[in-house]
Structure formats: C-alpha cells, structure tokens
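Below, chain A partners chain B and then partners chain C, in two separate complexes.
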Partner chain A sequence: MRNVWILARNSWQENVRGKFFALTVVFAVLVLYISVLLGALAADQEVRVLYDFGLSFIELMGLAGALYGATTVILREMEAKTIYLILTRPVSRGEFLFGRFLGLAMSAAASMATMAAFHLLLLFLKGWRWDSLYALALLGAYLKVLITAALAVALALFSSSVLTALSITLILWTLGHFLPELRYMIAWGPAQWQMAPLRALSFVIPDLQLLNYRDQLAAASAQRPPTWLAFSYAPLYAGIWLLIARSLLRKKEF
Partner chain B sequence: MSAAALVFSAVSKTYAYSHLGRTTYTRGIEDLDLSVALGEAFGLLGLNGSGKTTTFKLALGLLRPTSGKISVLGHEASDFRAYGGIGYLPELPYFYPFLTPAESLGFYGRLSGLEGAALEAGIGQALAETGLEAVAGRKIGQLSKGLTQRVGLAQAILHDPRLIILDEPVSGLDPLAIKHFRDGLARLKRRGKTLIVSSHSISEIEKLCDRVGILKDGRLVRVAAQDEWARAKDGLEGLFVETVQ
Partner chain C sequence: MALRPLALGLAACCTLNLAATRLAPAPKAAAAGVRLNADSAVEDAALLSLGMRRMAADLGLVRLLIYYGTPEEAGVVSEEPGSHPYLDPMHPELAWGGGHYPELASRAERVLDIDPSFTYVAIYAAGALAFNLNRPDQALDVLRYAAARNPGDVELAQYMAAVGFSRTGDKRRVLRLLEPMLSRPDCPTMIKNMVAYLYLSRGDRARAAALYREIAESSRDPGYRGIARMMLRRLEAPAASGR
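Up next, the complex of A and B:
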C-alpha cells in the first residue's frame, strides 16, 4: 500500500505542476459563463438551466481529463521508458497500476471539485438554495468518471493504442447510458439464443444510468434504485477492470 | 568460489513480432550460461544488437526468458522483491521532467524502501557522490545530458544496492563527465559492490572490470579474465576484435 501511495502522490504532483488544473479552471470559467448566457435565454428557468448544464459540463470535463489520463498513463510511461526505473525496484506491477490509478482518481476529484465550486458560486449568486441532492449528483458523476477510467486503463493495456482504447471506451460509455433499454430489448427480443451476444455485452457495458443521479433527480417521479446499490456497483465494476488491467500488465514485457 | 550475484542457466530469449497474421521471430539471446560473483566487476562487450541490453532486461525482470533460469541475488529474476538489492542505470535514462534531481531521488528512494533519516542520508550521499549538489534544486528537464546521466547513476546507488547494473553508462558523455563517472564506478568497486557494465568504450571496461564476457549475435562467445587481456598483444581491444570478427 505504501508504494501505491508513493506512486499516486507522484502522479498528483505531475498534474499540479503541469497544465492540468490551470486548464480545468479556464474551462470551468468559460463554460459556466456559457451556462449563464443560456440561463438568460430561459428567463423563468434560469437557475434550472444553470444547474443542469453546469453538472453535465462538470461530468464531461471530468470524463475528458480522466479518459486522457487513463488511456495514456501506462502507455506514456512505457514509451518514455520512465517505467524502467520503477519496475526495477521492489514494486509489483499491481502496485504500479493501482498507484497510477489512484493518482488519476485524486486529480479527477480535485478537478471536478474545483469546477463544482465555481458552479455552486454561480448558483448561489442566482438565488439557488443548497440541496444535498446536488452532492449526490456530483458524487454519482465522479463515480461514473472513475469506472469509465478503469475500463479505459484495461482497454489501453489490451490494445496498446490510445486511439483504439479511447474509441472503444467512448462507445461503451455511450451504451452505458442506454443499458436499461438494452436489457429491455434482450428480455423482449426474439429467440434468446439470438440475443446471447447482446446479453454478454450487457455484462461488459458499465451501468452508468445507475449512477446518473442528475437525470434521475430531474425526473422526480422516476423510480430510483437504492443508493447503496449504485455506490457498491461502482467500486466493484472499477475493481474488476483494474484486476483485468493488472493481469495484462503482468504479461507485458518492456 | 564466492556466492553468485547473478546466474544465467541456459537462458534463451526470442522476440516474436506479429503483423498482419504473420509472426517473425528474432533471436535476442541464445543458450546463455553466465555467473557473476558478489563483489566482482564484470563487463559485457558486444556490437550493436549482440544482446547486451536484452541480458540486462532479463536479469531485471523487464523481459521474460523463452527458456532457461535466471537467479539474481538468490531470487528468481521475476521476483520483484529481489530488486531492493539492485541498482540499475539504463542506457539514456529518462526522468520526470517536472521533478528536480533531489525530488527524483526522494521518489526512487521511497520506492526502494528508504524513509526518514535513511532517505535523507541516501539522497545527500548520492548527490555528493555524483557531484549534483549544485543542481539538486533545478528541474531535470533543464539539465544537460551529462547531468541527467549523473542523476541516473545517483538513483542507481542511493539505496546502497549490492548489485549495480549499468547499461552504456558513459554513452554520449564528454571526456570530463566520463572521468567523473569512471572515478565514481571505481569508488563503488572499492566498496565491494558487484558491478555489471556494458559499454562500447573498451578502455572503460578494461580499466574497471575483473572479467569480461563478449556477446556475438546473442551468444556468449568468450569470457576472459583481466590477466588474459593484460597478456594479449593489443589488450582487451585486440581480444574483442579477434573474437567478434
């Protein structure tokens, strides 16, 4: 665990000293400004538009940063050969992978929290009153980003190509928002054997709707799965993909 | 014979490259038998592509042998717990450019199991040993190649390893930096460290090593002790040319 923390701190240091957080702040200011403009167009729904648009934006920006990090974190170290000086020390490949992922998770959390702070400031200025559901929606968005990043790490190690990993992850991320519809199709589709490939795929696709509190809260009447289920699903799904990634990394030669 | 730091027993490594359904195989190392004793300075010589770096990567678990067994400091080469006793300087070492030499050494020292006063002492000693004190606070991305190479040596020795593997340590350095490196390696040898060094600079190997192994097309074709090349007409260079031609 000590090595995991040392590696995570090193990744965090890289992001703090690099342009990662500066870019986060720039994008936060820019798009929240756009959301203010959009809010002004819907005069009677200004706060609602600002609320929804801001949360969606925070999630998308968090996802973009984490996906870039997840698909390049190991491949970049392999290409730059910085991995040599780590794996020739008493550090297991699993520790290396989990350390880098923890660093990524910490950076994503800091980036999303920074954007949320800007967002909340704007909402308060517009007269919005604190609602704990905001925190739930933000946490759900963060967990969505994390499980997608875990999937991307494994795909990057499997394909050894950033572009391939990024493309497949984005397809699965999109499908992840339609998993309930896909399950419905499987249940009511033609003969079950014909649905077998789709059924198999439904186990691979992350169930992002489970964590999509922003949309669920907007549709207040919709039946929501229990929070504990969603919050247990996220570490389980991410954990499985990280274990797959570890097994792929153990087979790699440098 | 003293205990072995590194043992290769009938080790072969074949690289397989697949492209469009076709797999081509390239020999890296073939049937390598080699033993380096603790406290020995061993040089590995060979032309480009002869298998020197492959040999080092196999010893460090970065590559897996196709066949045969490798033992490092009494552990299997694939056992990462053995690496606490090893220092490694790769050819053209790469570092995180956002860190300073002192921070880099802190990072690698912690990963090698050092902490607290032992870590501070290790960093201070490694910086002093490699003459890096003056630039310890500058970003590595701003350092010259020679200074970066010194950071490479510093990270390889800061945890006081028993076995130090150096892949082309003086490659591309100016004469003054080479002299500095040579002195540093001689000090390590005097302190009883096991050194395994590859270099295209035969004169460096000649000055430092007790024995040399000469690799040709992935095969260890000759192992010679210091007195052998001392007796040879053209020294180690003559012995090397005669062997690889």
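Up next, the complex of A and C:
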C-alpha cells in the first residue's frame, strides 16, 4: 500500500506541474469569455446557461486530461524505459498500475475542483444561489471521468497504441450516454436475432447516463436513479477494468 | 494470452450492468423521439451523444431568442439595443406592429423535445405568440406540448387558462392567473411586462410602477429594461398624475 501511495503522489506532482493545471487556466479564460457573451444572448436564462455550460466544460476538460494521462501513463514509461527503474525495486506491477491510476484520479479531482471553484465564483457573481444538486452533478461527472480513465488504461495496455485506445474509449463514452436509447432500440427494434450483437454490447459498455446528474437536475428526484446505485456502480465498473489492466500488465513482456 | 482476463472482465461488466438495469430501469424513451432542427442537427446530435442534453436545449433557446429578436422586414430597427424591433410598449397586448415568426412554435417544441423540463421555453414562446403576435391558438398548442411532457405542472395549466381568457378579452382573469407566475424565479420578463401593463390598464399605477422598477433593476433583458425605464419615467412625470 505504501508503494501505491508513493507512486500516486509522484504521479500527482507530475500532473499538477504540467498539463492539468494548464487546462484549468484555459477553461477559466473560456468560461469568462462565454459568460460575457451569454449575458447578451440568453437574457432571463443567463444563469442556467452559464451553469450548464460550466458543468459541461468541467467534465470535458476533466475527461480530456484524464484520457491523455490514462492512455499515456504506462505506455510512455514503457517507451522511455523508466518503468524498469521502478519494477526492479520491490514494487509489483499491480502496485505500479494502481499507484499511477490513483495519482491520475487525484490530479483529475484537483483539476475539476479548481475549475468548479472558478465556475461557482462566476455563478455567485451572477446571483445564483447554492444548490446541493451542483455537488451531485459534479461528483457524477468526476465518476464518469474515472470510469472512462480506467477503460482507457486497460485499452491502452491491450492495444499498445495511444491512438487506438483513445478512439475506442471515446466511442464507448458516446455509447455510454446513448445506453437508454440503445436499450429502447433493442426492445422495439426489428427481429431479436438482428439485435443480438447490440444487446451484447449494451451489457458491456459503461452506463454513463446513470451518473449523468447534470442532465437530470430538473427531473423529479423519484425519476433519477438512486444515488447509492450510481455511486457504487462507478467504482465497481472502474475496478473491473483496472483488474483487467493489471492482468494485461502482468503478462506484458517489455 | 490476454484474452482470458478480458473475457472474465467483460463477464463481470455484464453482471454489473444487468444488476444496474434491474435496480434502476431506464425511463421509457418517448415514442416520438427527438426532432432535430436541420440548422443544428449535427450540433444537437453531438451534444446529446456527449450526454449534454441541457446544453443542447440551452443553445436551442439562444437560437429561438435570436430568431424572435431579429426583424423579419428589412429596415425595421429597434430603438433599444436587444429589444424586439416591433414592440409597442404602450400596447403590448395588441400588436407589435408586425412580424409573423412562423417557426416560433416549432422551435420551442424542438427545445422541449431535447429537454422536456425546460418549461421556460414554452412559457416564453406562448407569451410571444398569444400576447404579441396575436396567435393564441398556437400558443395553447405549445403549452399543451409542454404540459404533456410535464404532467402536474400547475403553472403551465394556469398559463393555458390565462391565454384562453386573453382570447375572450377578460383582462381581470388573465391578470389573476398570471400574477402567481411572478413569484417563479425564472418568470420571463415578457410576462412581467405584460402583468405590469395589465395593472396599468386597470388603473393600479403603484403595482405597475413596482413591477416596472423590478424589471428595470433586475431583468437581464436590455430591451425590457429600457421599456421599463421609459414607463417609469412616464408614470413618475407630473403630467402623468393627471391622466
């Protein structure tokens, strides 16, 4: 466990000094610019638009950073041969993987929290009043990013290609948001044998709509999936893909 | 060699997704589906696929506001920046003097398709159709469309009643039905302006002035802020007291 923590801290420091916080600054400037524009365009609904745009951008920026980190974290060290320096010490491959992933998760959390702080400041300046659903939406977005990052790590190790892993992960991200529509198509589509591949796929892809609280803010609480289910689904699903990644890394020949 | 852990992992994912589906069945998708506007179909589809339904609806609203805020006839220029070019502030219930905006209702309905809970769009579009463009039947259609997606929304029902009474010219009942909507945090400025005018038309200058003051101080719509300031000047002018 100590090894995992050391690796996580190291990974976190690397990320924070680099791209993660650069992305945060880009986001901050973007939101400021958009908020000025929207003031003129959205009239009465300025706060809602700023709220939705901000949360969406936080998720996208968090996703971009985490995806980049997840697909390159192991492959980059394998290419640079720095992985040998770590694995020659008493560190197992599993500890290496979990340490790096934990560092990535911490960096994503710090990045998204910084962006959220800036976003909240803008919202309060525009007269918004605190609503705990904001925290729920932000946490849901973070868990979606974590699930996707875990998927990306496993796919990067399976394919040994950053580009392939990125492409497949982005496709799964999209499909994960279309899952209710996919299920509807399966139930009401043509002959069931034609739908069999789609049905199989629908059981594998992550149910990101379960965590998409941002789009369910206005829905009555009874219509939203139970919070306990969403928040236990995310670590379990991410955990499965991290275990797959660990198995792949253990069998990897450098 | 890498296939065994992958197969095991996929089996675990299947189990987890099955359990999640059983515990929280997804709400049944609307049979009508989502109608996408030709102008923004790619953008809307992209946002929906990224799980950004509310953002797609927000962009739909911004487009609707731009559409309704742009003069249909060349040469019609608004006096106030951001204000509707046809607006006659003294007679907002009669006519804006021009403009047809044939797509107003369909644009509002498309936004409701994307985010059914975004009732502000319905109220805004219905207000414009009923009180500004003199098409109350179309306004009622938009409100019915929203009400079908939000059963139990009392304010929509009240608004439908207000539009219905406006057809018969019963201003007193229209006012009584619109008044409770003022307390709604996202009550469109257009409705506030309409209520202020109704107060004025029945001689309740104090309430009208209070509402115009609220619009002038807190509305985010520069056009209506300008109208409210103008009405306040008229109401506060010494000559106005004799009227």
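Keep in mind that, in the parts below, the second predicted complex is superposed on the first by the 241 of 254 C-alpha atoms of A that agree within 3 Å, B and C clash if a C-alpha of one lies under 4 Å from a C-alpha of the other, contacts with A are read in each partner's own complex, and residues count from 1 in each chain.
In this text, contacts are C-beta pairs under 8 Å (C-beta built on N, C-alpha and C of every residue); 3 or more make two chains touch, one makes a residue touch a chain.
Only a predicted model underlies this, so the values are computations on that prediction, with no experimental measurement involved.
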Kindly classify A:41 by the partners it touches after superposition: chain B alone (first), chain C alone (second), both, or neither? second
Partner chain(s) touched by A:49 [first = chain B, second = chain C, both, neither]: second
So, A:92: does it touch chain B (first), chain C (second), both, or neither? first
Going by the touch definition up top, name the partner, chain B or chain C, that contacts more of chain A. C
Under the stated touch criterion, which partner chain does A:81 make contact with: chain B (first), chain C (second), both, or neither? first
For A:14, is the partner it touches chain B (first), chain C (second), both, or none of the two (neither)? first
Residue overlap on chain A between the chain B contact set and the chain C contact set? none
Contact residues on chain A for chain C in the complex? 38-46, 48-49, 52-53, 56, 60, 144, 154, 158, 173-174, 176-181, 183-184, 202-210, 212, 214-215, 217-219, 223, 225-226, 229, 233, 236-237, 240-241, 243-244, 247-248, 251
The answer for chain C against chain A in the complex is residues 1-2, 4-6, 8-10, 12-14, 16-18, 20-21, 23-24, 26-29, 48-55, 58, 61-62, 65-66, 82, 115, 117-118, 120, 124, 186, 188-189, 219-222
Give every residue of chain B touching chain A within the complex, in rising order. 57, 60-64, 80-84, 86, 88, 90, 92-96, 98-99, 107-108, 110-113, 155
Spell out the residues on chain A that touch chain B in their complex, using ranges where they run on. 2-3, 6-7, 10, 13-14, 17-18, 80-82, 84-93, 253-254
